[in-house]
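For reference, chains read A, B and C in written order, and residue numbers begin at 1 within each chain.
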């Protein structure tokens, strides 16, 4: 494939499990695939909670933001925005690739069967770095 | 313009509204323009509070950092560092471009007239990604 | 040196001092040097606490993650993972370069003699940006 035809890529490390920080990676990744880019999400630390079965539904907010999770869920509903779990499902359907972090799964005692359907096989930091080196935008969220 | 003459660019997503996380994007963006780079700040989520009229003055600190906002403001004053709102004004004067995130404004019920003077028109995630693809450094703060 | 022989580089801004956010930069930087990349960590804000003498041992967790620092230290021990201070020492031994942020040291009243052995001389944001412009992956953690 020629250089010109290669798709642009974005790779995002998803390290937070809170409601407010769940949206940015999903918004960026789905916007990217809509622009015909490739998008990779690498879930590590608390981010893993978002792809655990039933985990996205339990996402809360840090108290210091001064808004309760209930109030934010209300805003989300009012604005007609998808819930986090609906958004994850849509992102998977759109072709966003989601990789769980192998080391963090071990640390937090999370097993492959605890994760939602559609995510890729767990990978380590080195494999992620290889993907990141081939990406045009790399973010840690 | 020839490849050699093109300015280097930094694009930063500003997602936090706390006192401690308000400084890093401002320091990096102003350092960048001082080095004759272009600097773009994309304000989303709680970051929008920093460019709301009167918002930067109310920035606090998460409790877990173990320092009160008052104590940090004291440190900032003692060190002769600008306040967040002074810093934002200086950054705008220096040519840092500040873009509010359209979707986050809608979600949080923020209107264009609520924002300080000098910021650009709101843009969406896709427009930001286009800018990020042309940048040499892209960060999520 | 020819283009092909130049080592790939990763540059990470370490701005958090909590237990959960201390690991990601260390894991990524050591994975990178294992892959024959160069790795630079730039410690600023609360991140400076990790390279203060005795600081890494005191790293705690934000309450909103819903896990106590004690419980996480237990998980870390159980999983046979290094403590943060052991990990920092190993990273230095492996050749990860650690730079303290000059401005943040001044703001927080931290002196060079307060820092652990093995870290580089403090640098400013502009010097870091120069390093970042030569890096293949740049992250803010």
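The rule we apply is simple: a contact is a pair of C-beta atoms (placed from the backbone, for glycine too) under 8 Å apart; a residue touches a chain by one contact, two chains touch by 3 or more.
What you are looking at is a predicted structure, and each value in this text was computed from that prediction instead of being measured.
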item	value
Equivalent interface positions on chain A and chain C, same or different at half	different
Relative orientation of copies chain A and chain B, as a Cα rotation angle in degrees, nearest 5	120
Inter-chain centre distance, chain A versus chain C - centres from mean C-alpha coordinates, in Å	23
Of all residues in chain C, the ones touching two or more other chains	62-63, 138-140
Sites on chain A touched by chain B in the complex	8, 10, 20-21, 23-24, 27-28, 31-32, 34-35, 37, 62-65, 75-76, 79, 81, 136-141
List of chain A residues in touch with chain C within their complex	13, 15, 17-18, 44-46, 60-63, 103, 106-109, 124-126, 129-130, 132-133, 138-140
